[in-house]
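Encoded as structure tokens, here's the structure I'll be asking about.
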Amino acid sequence: MNENAVNSIQEQALDPKDFQIQGADTASAELFARKPVTYWRDAWRRFFENKLAVVALCLLIVITLCTIFVPIFSSHSISAHDLLNRKQWPSAQHWFGTDDLGRDLFVRVWAGGRVSIIIGVLGAAIVAVVGCIYGGIAAYFGGKVDMLMMRIVEILSSVPNLLVVIMMSVVLESSSIPTLLFAMTVTGWCPIARLVRSQMLQISRSEYVMAARLMGVSPLKIVVRHMIPNTFSVIIVAVTFRIPGLIFGEAFLSNVGLGVQPPNTSWGALSSAAQSSLLYYPYMMFFPALLIALTMLSFTLMGDGLRDALDPKLRR
Amino acid sequence: MAKFILKRILYMLVVLFCVITLTFFLVHSIPGDPITSMVQDLPIETRDLYLQKYGFDQPLIVQYVKFIQQLLTGDLGQSLRYPGRQVVDIVANYAPVSGIIGGIALAIGFAVGILLGIIAALNRNRWPDRLVMVLALLGTTIPTFVFAAVLQYVFTVTVPLFPTTGWGTWGHLVLPVACMCVGPLASYARYMRSSVLDITNQDFILTAEAKGVSSFRIVSRHIFRNSFLPCITMICTSIAGIFSGSFIIESIFAIPGLGKYFISAINDRDYSVVLGLNIIFTGTYILSILVCDILLAIIDPRIRIAEEN
Amino acid sequence: MDSLLTVKNLNVSFNTYAGEVKAVRGVSFDLGVKEALAMVGESGCGKTVTSKAVMRLLSRSGGIIKEGSRIEFMGQDILGLSTRELNRIRGSKMSMIFQDSMTSLNPTMTIGNQIMENIFTHEKTTRQKARERAIELLKLVEIPNPETRLKNYPHQLSGGMRQRVMIAIALALNPSLLIADEPTTALDVTIQAQLMDLLRSLKERFSMSVILVTHDLGVVADFADKVQVMYAGTIVERGTVDEIFDSPRHPYTWALLSSIPGRAQESKSKLYSLQGTPPDLLLPLQQCPFAPRCQYCMPICKKAIPKENFLTDTHGVACWLQHPMAPKVTPPAGIGGYDHE
């Protein structure tokens, strides 16, 4: 408080008009308060203030666009052998070099990226949908249904995830993308289902839902107005963090020979093919490995950004 | 407490039984018989002989009962590819190798990760924090096989300080252990950091401050214990990973461990070995989760008291 | 009366993404030995921040005590102390109890250890002696079976019990000053009364000075010697309990007094509720902070901040209504024994 200013006003001859009672002015009190910020707008702003997350998002967009368009517009073919130009180091002709059959790695890396990204994103979507439905049903019915459903989840998740993936791809005896997706999501939805259920239960026990119920708000409206928005943010974050795991899972399967089969390829298959000649032709390993790492890094950073942006606890 | 442990053990057995049953039927649902899928051009008579020998000609349910009976006597079955080779022997021979590498890697990853996480949290938003977090981020996002390839390349081409493949001397341990501890180390560091930050913002830290407790004692007595508790769950899941998580590392570094054997059994389509090893992996996983539950109940009074009531 | 604590021109700010929030703006007050001071106001008025500043407990929450602020306790300049010197005073000469006893106690430490921790921090003593002292303290705060309770964890106790444990911790070393930050807010009404009775008797027994931070004027009357009413980080009215309750002068104090259920019922009027919200502390103040919500608002109130005007040695009011040119205003019915001059 600036006491001098106050004194000077008090010592001046004051206008008697200044001393007429006008009463409370709540309208100006509202003006006086800060503008309210809605949750999603605030989350949006927080996310875009996080430079790392934005860079990661841009990187992901660039990588995705490349995987879509490079194989379409490139003059090189994905599978055409060129035995005269085998094992060429990166050059103006072949930006990422060629492999042991003379195929252009630049095209192959981006084409392989399609598999990795499709599995990552689609897998996460499947996991999210199945997890939400399962968890939602368990939470909605509660009681015995809930207990039985959660026991099933517990049993399914007591097998290490990687083992399930291996077992499934051994059993299914095929390495098409749908099979891989199935193998990786068959138990992958369990953590999401748990998350959704606990979040739903927590919200349905909260005071504001109780208040809404007492006021006679219909169950459907409660689900739409309270349950979904409040669970949504948590699910988005959890699902984003699952994408790197799925991409790694595909790379792992291809690495042990259970993933996509030639002539189709993926980043995991490319880097595992490069493993044997690593000492002489490290560039074959370098590019697919770099892209796996970059993509996983970007998804993780984006997940971090989303979590910070959506976590209501961090809001002031 | 005894009742709680007993309950958990019983529950674990039920889960294990379910998993074994599921895996058994899963493996046996593979189209065609295991012998043909392994060797195609076998004369019919020889094939039938093999099928009879392994009991594959019997109805599935009979096979299942027999399998469970064998299991109860500690017999996990034998290899289809290498007749006479028992799965139990495979485990006895190869598990210690995986155990040594995985154990050392986990111990290093855990100790260093927790330490780095605490250092990062206590220096929040200063350079040690930033450095640790960048390293941890790289550690969680670079796949192990990429990391392994880089190490192999560096230590073969530029500095041949340690052997890059094989098994036998202490030197052989260095690179695989380094590869294997990166992942856990990074995730422990990240997890511990957020856990410490979470506890630091709790009201009871303010109470300790108001008591005049020194910052060192606040960290050692109040923050550490409380933020360490959630990490116990993580350790237990990674103990299970000692045996199952090292598939790629063991293959790349040509280490005769369980993981490598598992991968070659898959490539050989040696189903009985796959089935047997899968049971072992899942068993260790469930067992370590059980140990973790009990440990947590001993350490955390809140769980202990909730269970007793 | 000897002065135990002197706060002069205390300014505390928090840096948030939206800018600097000035939570406390130029607060000054004195507290004598054995005196009980109540700081009253609605949430966000700066009363808790002021009390935490006295113990320098703001660093973890990001609060910055501004240059030019001064806090003197038992002749020592609190803001100039090193952490080590400060830790010697915290918990022994002055201690604090917090609002939420569930989160304010370490969940993984027995309450015995939490009490003894305070003793060990400040005294070299044997474990046996510290334990005896802890039992004695638990008896003092009227917890039955102190020997067994010592081994309990916080979540095994009820809310009222936990708050008693908090008091036991705070009193372990006979402090000269106890700061109680909304000690009864999280408890139900009957327990509230018991706890206030306990605090009152302990205050006499230990000859302590107490700062009671509360938003409930109801508990103040029987407890405090002095009251200061805070609004938007400033003190708008201060005085002895009698002065505040019998002849309050500030419209905000009137509003607070008329919203105490018991008092409003006496006059058979409807329970009063003050409209609107306190101002955003991000903005610099150029007017009376209460002006927008004040029923007696005058044009001058929106032009300049009123200066604090002392009617007696103890009774100060920061309101333009006290200016000689202002019209004479009577407080709402049922407030104080205001004589119409």
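To keep things simple, chains are lettered A, B and C as they appear, and every chain counts its residues starting from 1.
Keep this in mind: a residue touches a chain if its C-beta (ideal position, glycine included) is under 8 Å from a C-beta of that chain, and two chains touch if they have at least 3 such contacts.
Treat the numbers as computed from the prediction; the structure is a model and nothing was measured.
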item	value
Chain nearest the overall C-alpha centroid of the shown protein atoms	A
Longest centre-to-centre distance from chain B, chain (CA-based)	C
Rounded Å distance between chain A and chain C, as computed from the means of their C-alpha atoms	46
For chain B paired with chain C, centre-to-centre distance based on mean C-alpha positions, whole Å	54
Chain centre separation (chain A, chain B; CA means) in Å	25
Where chain B touches two or more other chains at once, by residue number	none
Chain B contact footprint on chain A (complex, rising order)	154-155, 158-160, 162-163, 166-168, 170-171, 173, 244, 248, 251-252, 255-258, 271-272, 274-275, 278-279, 282, 285, 289, 292-293, 296-297, 300-301
Complex contact set, residues of chain C against chain B	55, 57, 60, 83-84, 86-92, 95-96, 98, 100, 103-110, 117-118, 121-122, 153, 155-156, 166, 169-170
Partner chain A, residues of chain B touching it in the complex	15, 18-19, 23, 26-27, 29-31, 137-138, 140-143, 145-146, 149, 152-153, 156-157, 240-241, 244-245, 247-248, 251-252, 262-263, 266-267, 269, 274, 278, 281-282, 285-286, 289
Chain A-facing residues of chain C, complex	16-18, 25-26, 234, 275-277, 279-280, 282-283, 285, 291-300, 303-307, 320, 323, 325-327, 329
Contact footprint of chain C on chain B as seen in their complex	200-215, 217, 221-222, 225-226, 229, 299-302, 305
